[in-house]
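The following block contains the structure, expressed as structure tokens.
Just so it is clear, A, B, C and D label the chains in written order, and each chain counts residues from 1 on its own.
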Amino acid sequence: MAVAETKRAIYEGTRIPSPIPSVLQVDPGLREEGDILEVNFGPNHPSTHGVLRLIVELNGEKVVGLQAVVGYLHTGFEKNMEAKTYWKAITYPERIDYVSFQNNELVFVLAIEKLLGIEPPPKAQWMRMLLCELNRIHSHLVWLGTAALELGAISMFWYCFRERDAILDLFELVGGVRMHTRYFQAGGLAEDIPQGFYDECRAFADTMEKRVDDYEALLSGQAIWLERTKGVGLLSAEDAIALGQSGPVLRASGVDWDLRKVQPYLVYDQVDFEVPVYPNGDVYDRYKVHMDEMRQSTRIVQQALHGMPEGPWIVDDRKIVLPPRHELHTSMESLIHHFKLVTEGYRVPEGEVYVTVESPRGELGCYLVSDGGPKPWRVKFRAPSFVALEATATCMSDALVADLIAIVGSLDTVMGEVDR
Amino acid sequence: MREPWWIDVIKAAVIVNIVMLSFAYATWLERKVLGRMQLRYGPNRAGPYGLLQPIADLVKLIRKESFSPTHAIDLLYFAAPVVAAFTALAAFSVIPFGGVWEIGGYEVSGRVADVSIGILLIFALGAIGIYAFLVGGWASDSKYSLLGSMRTAAQLVSYEVSLALSVLGVVIMAGSLSLVDIVERQQETLWYAAPQIVGLLVFFVAGVAETNRPPFDLPEAETELVAGYQTEYSGMRYGLFAMAEYVNMITLSGLAVTLFFGGWSGPVLPGPLWFVVKLALVVFVFMWLRATLPRLRYDQLMQVGWKVLLPVATLNAVVTAIVVVYA
Amino acid sequence: MSSLQGVPGFVEEREDHGETTVVVELERLIEAAYWLRDEAGFNFLSDVAAADYLDWDRPRVAGYWGDPRGRDINSPGSWGLQSQPAPKPRRFSVSYHLLRVESGGGNAPRLRLQVWCEEGEPVPSLVPVWPTADWHEREAWDMMGIPFEGHPNLVRILMEDDWEGHPLRKDYPLGGEPVRFSGEE
Amino acid sequence: MSPQPFDSLKGFAVTFRQMFKKPITQQYPEYKRPVYPRFRGRHRLWRHENGLEKCVGCSLCAAACPADCIRVVAAENTPGNRVSPGERYARIYEINLSRCIFCGYCELACPFDAITLEAEFEISEYSRDDLIYTKDMLLAEPVKRMPVADRDLYDTPTPVWKAES
């Protein structure tokens, strides 16, 4: 079987459907012929990443019309957070995107810290970066496993979940639970890093590189994989920017853009890593970006383990941070602070901020408005998956049913984050 | 003394049961092989090494409610799995698994029926089986099933051609359409896997497609069409479809062993055992493919079938014919 | 950045926490958006965030009380007064978070474009300027009830089609099932 | 990169190789992987060594709970009925575990280390009502003992509320 090179070159101009940028409408002439089959893909379908519903209109096997319907997992996180103190609200964002939980937690905590005007100590910064990168590997592994499964490469799923489980073990070691750790607190980390973590994490980082080679051996050279992914789901750089795409989707369209580089937060400016960029904007390039990012994240993890500074892990500000436990029994002032912080929470100065981080899925933003009280007035998350789904109609032109699955998979959406 | 008719009946009953049992254990083997390739144990709870798992599955499938969609076309909907299973089982009857033995004064041959056009019979039965998939999907009145049926029709029709042509080389070399003759001819010379390597490859690829096995499992591509033509089937009706698929795989592996790997022939061990060992190896390759390869796309499948396999198979037949005639 | 005063319909410019906010007149929002995209180079619309400032300047309290039946999360207790925030011009704000994306760009300049509107007052849709505004504006309509004029497909996105009310408004009560306990007193 | 003709076969080697490795599956009900010392499982209420309850009914845990799943009703200690060393004790202490998100804020909030989250994670029940844990259930020794990894190895420095209880 001949290996296909890119069959369709990236197109000129724009392909965003008009008038509605997120809906692919059937050509009226085609509809009059009367052979259009309307199929509901989802909300219950094996490969819709949860509860995405795609109303697909098919002409034979060809996708001629497409509309994505979301909202089946809407849980009102933003409304709920308005009724919780900041301290408690930290447990919410990680449940929004349950695959890249640590990054979601980070963006909310960074927003609070920006309003409070506090800077966490270096150890907390490095540890946050380390955990976020582990979380990025975790998220990419989940993506790779499920996306490959959708294209029929079933074994990949198990290999990916082996490493995913190792990462979750590390989270359990550090934060106490495997997924929603609430380990990042305003001002730093909830607890000190346990000593055993360093060795375990180093052992993991050492094996991870070999594992990525295994994944590549299984897929990258595989003729069928190339046939299925090359030239499919094209998205030009201009269209990607106009549609607000970010993260791996944008980088696979040839835009060298990574918030960790262009707008360094935490201590990303002190570590050495590269931003993978691929020019074709097809499913294969998105896959390659994910693979390369896993390697780069492993590099960052190793550097972070090496460069982890000593010192306190949370700021020493009694108005924001719970006082040390041993003071509760000896210091009346600490006990009062403890009671005030737990019951009322800390007050965050009035203002509005928009903080963004590079989550595994792209630009994750948090718009936070405070009225000066202990509860957020308004929280709004800019969910990269939500935006990524807007691009389905543009990517989908001239696609078959099988491509539809590949394309939606390659956009890497998590429905919890889309619907919030 | 030639075989009386009642020996044939006994043999048929025994073989049908053995094939059904081997279907059950093919599912077990598949789960074990896939499990080990995917870092798992596979079934290991029901019985030692999970050996009772197929029985448990059978009990589960039989006890499960077999519901049907309201608008399904009843007769066709119910008949389709039966036809599929029947043709699959019937096709195995012409595959020889042993030589001829003397038992109690009777000559008992290691095949249910020695048909002089065995290969053609297998293909003919396979073609009828296609109708079952096609009709079953259409009759269940579901869009996914319909799409699955369409894919089945297109895929099986295109690969049937390559499959038949790939065998032509063997037929020319053996000079017979009877499977027994072909095996015996291989015993005299050498396994046709060597001279007919191209034919073998085409046969194998087309065979994988013909049996809807990954990476050619488009008609039931779970992540695209939910389960294709069998979406609306449940309980033992689904079980019959699954059985048809696995029996087809076993039959095809048996055919591959017969045509290319010398059938039951082999040193020391008795013929049927050799046959089973070779069969298991071919079946293993089927499972290995499933563990490793992603699924093809519909148009690529058509391209592979018509633009690669068909010309290669034709060329192979022509070259073989020229060599046989002039050498 | 006094150059921002050239934005059509310029009302106000704020620097806060290192973020620049430009408030423009509602009527000239599209003009301002085109200007910011084409003249200032903000080619990337990151987010459209609407906020409801109903009762923003009402004297407020912090914290809430619990009682044996659970907690009334809609009416706060009187734990202690907090300071009064600065008044807002209208009830709703719509903030467009803009970003300049350049391949290999050295930094990421951001800008918040903000308009203020009253309830039911239509806001011009920015879908022609940034196509990505499509779903963001639908979400703002769904959650906050801000009608976007000229939007090609302004229907609910997260809630069901026949949902009543706009859940993220401040006057929309926080519902939910009470937490079950044993009922023992 | 241009794919080599035999790259497609590399994948077969990968899958074949795995057959000879030990599976990574853990045979769960028989084998339980020790949880790490910081693991947050089911709650446990503690007593002092003299048998009095550590909880003084201050309701800080209920205030800290993001899921509102803790209910505390306090009562006064009397000389005849002394339950806790403080002035008051928790007459009713209930946790609705079907609501709990295991964030561990209650153990952070408790100033007396009276409540901690322990290693137990097998807490499924057939009825929602069975998941409402009362004070007696929380005070009792857990029926199932979960293995915990070596604390010296994995949890130094130990958080105070785990060290003392």
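Note that in this section a contact is a pair of C-beta atoms (placed from the backbone, for glycine too) under 8 Å apart; a residue touches a chain by one contact, two chains touch by 3 or more.
All values derive from a computational prediction rather than experimental measurement.
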Worksheet item: If you average all the Cα positions, which chain's own average lands nearest?
Response: A
Worksheet, complete the sentence: Per contact tally, chains sharing the most pairs are A-C
Worksheet item: Just how far, in Å, is the C-alpha centre of chain D from the one of chain B?
Response: 53
Practice prompt. Compute the distance, rounded to whole Å, between the mean C-alpha positions of chain A and chain D.
Written response: 28
Item to complete: Provide the C-alpha centroid distance between chain A and chain C, rounded to the nearest whole angstrom.
Response: 23
Discussion item. Need the CA-centroid distance for the pair chain A / chain B, whole Å please.
Written reply: 45
Worksheet item: Which chain A residues reach two or more other chains?
Response: 155, 162, 218-219, 222, 224, 343
Practice prompt. Send over the residues of chain D in touch with two or more other chains.
Written response: 11, 14-15, 18, 24, 63
Worksheet, complete the sentence: For chain B, residue numbers touching 2 or more other chains are 37-40, 291-293
Discussion item. Show me, using the given definition of touch, all chain pairs that touch one another.
Written reply: A-B, A-C, A-D, B-D, C-D
Worksheet item: What residues on chain B touch chain D, complex-wise?
Response: 33, 35-41, 288, 291-293
Worksheet item: What residues of chain C sit close enough to touch chain A in their complex?
Response: 16-17, 19, 21, 43-47, 49-53, 56, 60, 62-63, 73, 79-80, 82-83, 85-86, 95, 97, 99, 101-108, 110, 112, 127, 130-132, 134-135, 139, 143, 152-153, 156-160, 167-168, 172, 174
Discussion item. Applying the document's contact rule, which stretches of chain A touch chain D when the two form their complex?
Written reply: 3, 84, 87-89, 91-92, 95, 155, 162, 165, 169, 172-177, 180, 182, 190-192, 194-197, 214, 217-224, 226, 322, 324-326, 328, 335, 338-339, 342-343
Fill in: chain D residues touching chain C - in the complex, by the definition given at the top
59, 62-63, 67-69, 71, 73, 92, 94, 96, 98-99, 128-129, 132, 134
Worksheet entry | Footprint of chain A on chain D - complex, ascending | 3-5, 7-8, 10-11, 13-15, 18, 24, 35-40, 60, 63-66, 101-105, 108-109, 111, 117, 153-157, 159-161
